[in-house]
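As written, the chains take the letters A, B, C and D, and residue 1 is the first residue of each chain.
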Amino acid sequence: MSADPILVLTTGGTIDKNYFDALSEYQITDSGIPDLLKEARVALPFRVVELMRKDSLELTDADRTLIAAAVREAPESRIVITHGTDTMTETAKALADVPDKVIVLTGALSPARFAETDAPFNLGMAFAAAQTASPGVWIAMSGQVFNGVKVKKDRAAGRFIPLD
Amino acid sequence: MSADPILVLTTGGTIDKNYFDALSEYQITDSGIPDLLKEARVALPFRVVELMRKDSLELTDADRTLIAAAVREAPESRIVITHGTDTMTETAKALADVPDKVIVLTGALSPARFAETDAPFNLGMAFAAAQTASPGVWIAMSGQVFNGVKVKKDRAAGRFIPLD
Amino acid sequence: MSADPILVLTTGGTIDKNYFDALSEYQITDSGIPDLLKEARVALPFRVVELMRKDSLELTDADRTLIAAAVREAPESRIVITHGTDTMTETAKALADVPDKVIVLTGALSPARFAETDAPFNLGMAFAAAQTASPGVWIAMSGQVFNGVKVKKDRAAGRFIPLD
Amino acid sequence: MSADPILVLTTGGTIDKNYFDALSEYQITDSGIPDLLKEARVALPFRVVELMRKDSLELTDADRTLIAAAVREAPESRIVITHGTDTMTETAKALADVPDKVIVLTGALSPARFAETDAPFNLGMAFAAAQTASPGVWIAMSGQVFNGVKVKKDRAAGRFIPLD
């Protein structure tokens, strides 16, 4: 198992959604990921970089180019990316040809700020997969670590399933 | 990555501690693990078997023999064991010669029933490691997946660290 | 102190907001108030009636007429109303001439489903005020029990303050 | 309704119990009350004084004398006391002859640090009762505001009930 440092890139998504009474709306704000990692008492070296704060439906090709560049240029070889779930598989494809790095995308169907949320479990899966999986792109959602280019989101069922 | 079913064996420990006002004390009760897996929206097949409800300091050799038997006899080849942290490494040793199975021990430093707890993150790590690691015994704690026989708990620091 | 039964009318508002990944949006759903009262181990007799599920900015005069009718016609003389905060004071005015009943409006600036929320504290204030206050309309928010027609919401500051 | 400042005296009890892995035990520590009041967005002036950190079964006559002195000498006339539930009624009796002050005792059957707890609801009840009740000693538990000298704890049922 690798004890190499992990880079966490945050891009937004449901996992970081918050609610603002003053606006009567719900927005992505400062990432809750550092708090989750503190609560999980993570002792492995890591750093968190906030790349963007977007719903994944709003992510553009330029955004994906930026994410891929951040992954390629990072000194770390083990990368966790928090991401909205709706286009997580598209970003996985955009990262498929990055060599020699273990890249794990994760997110949540329920915001991390909720009392009931899949966020900490999913982030735990991503951390473990970043240490134990072979180089490539992985998606950690629905209790499962998927090959990142062989999975899709079943929006109606609220879960990720393997591609046929 | 394996999508094989996962067996979760619960043995007690801090992760399942509860507080009872009527007794003015704190006890291990029915496991909160099934609720954590539901909250995490785990879609991978799994079953949970409650083996015992013990503080890990109270576990005897007979208990470890029972745990090992449950692991060996299980039809599943991927096993997650929730366990108290104080003697988690001893149980790991007792499982070290089980062949052909991926065994991941995890637990928590703060009870799962607490608002702030490392339980869901750790359980997520264990689920991912059970799918991605090679056969053997692993410990998923402190944000890290350790070789189960090359790790110790630093009680004062409240974390697991690699053995020298 | 009165131990009379309490009627809880829910009308929606931030306190009952939920987030739906399948819609990528945030809606008012089934009320979380019964769960909050169970968690609070309320032993006083009460019943909960869901009147509507609306953001308080969407409440119409007809809605307020309906709320007032529900209050007047209830056999209970002690009424708690959960309500969005933006027009809570308007509904308080619409209830100001209901005779012989203790009516307490409350709500939350952060949804009850969030890990950090003012919802249970506010609901506790409302329950106590319904038992201890004299007949009339009260608003329980921001740690304070206000005369319901002598208070306003300071939206920017995120708190209720007495009217000059 | 009074908007006078509220003094919160903390004495320990289940509401402030925490769990310590390093000790494998469960102790009363620094009070979580200030965090609860922040989360509840209390805007009314208040101050919190930690008097002691005790299980209420351990409270002595000397402790109750100290609590009564703190109440009498406080400049505030509205006092909330957080307290273990087992001897809450005894402390209420010891405060029964304090003149001209509204004193509300509260606590919790489940620690405030738990994800599911009656603590914030009970503290909200106590804050409201301190503003709305007449001078005397009150106990806010089980969803109800009781006359402090006409109530007992039914330990088996896990609730407070009026004295016959």
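In the analysis below, a contact is a pair of C-beta atoms (placed from the backbone, for glycine too) under 8 Å apart; a residue touches a chain by one contact, two chains touch by 3 or more.
Because the structure is a prediction, the values reported are computed rather than measured.
Relative to subunit D, the most remote chain by averaged C-alpha coordinates is A. Checking A-B, C-D or A-C against B-D, more than half of the residue-numbered contact pairs recur only at A-C. Computed centre separation for the pair subunit A/subunit D is 43 angstrom, with centres defined by C-alpha atoms.
The distance from the centre of subunit A to the centre of subunit B, each centre being the mean of the chain's C-alpha atoms, comes to 25 Å. Chain centres here are Cα averages; for subunit A and subunit C they lie 37 Å apart.
Contacts with at least two other chains are made by residues 109, 115-116, 158 of subunit C. Pairs of chains meeting the touch criterion are A-B, A-C, B-D, C-D. Against subunit A, in their complex, subunit B makes its touches with residues 1, 3, 36-37, 39-44, 46, 109, 115-118, 120-129, 131-133, 138, 140, 142-147, 158-162. For subunit D in complex with subunit B, the residues that touch the partner chain are 14, 17, 19, 21-22, 24-26, 55, 57, 85-86, 109-111, 113-116, 155-156, 158.
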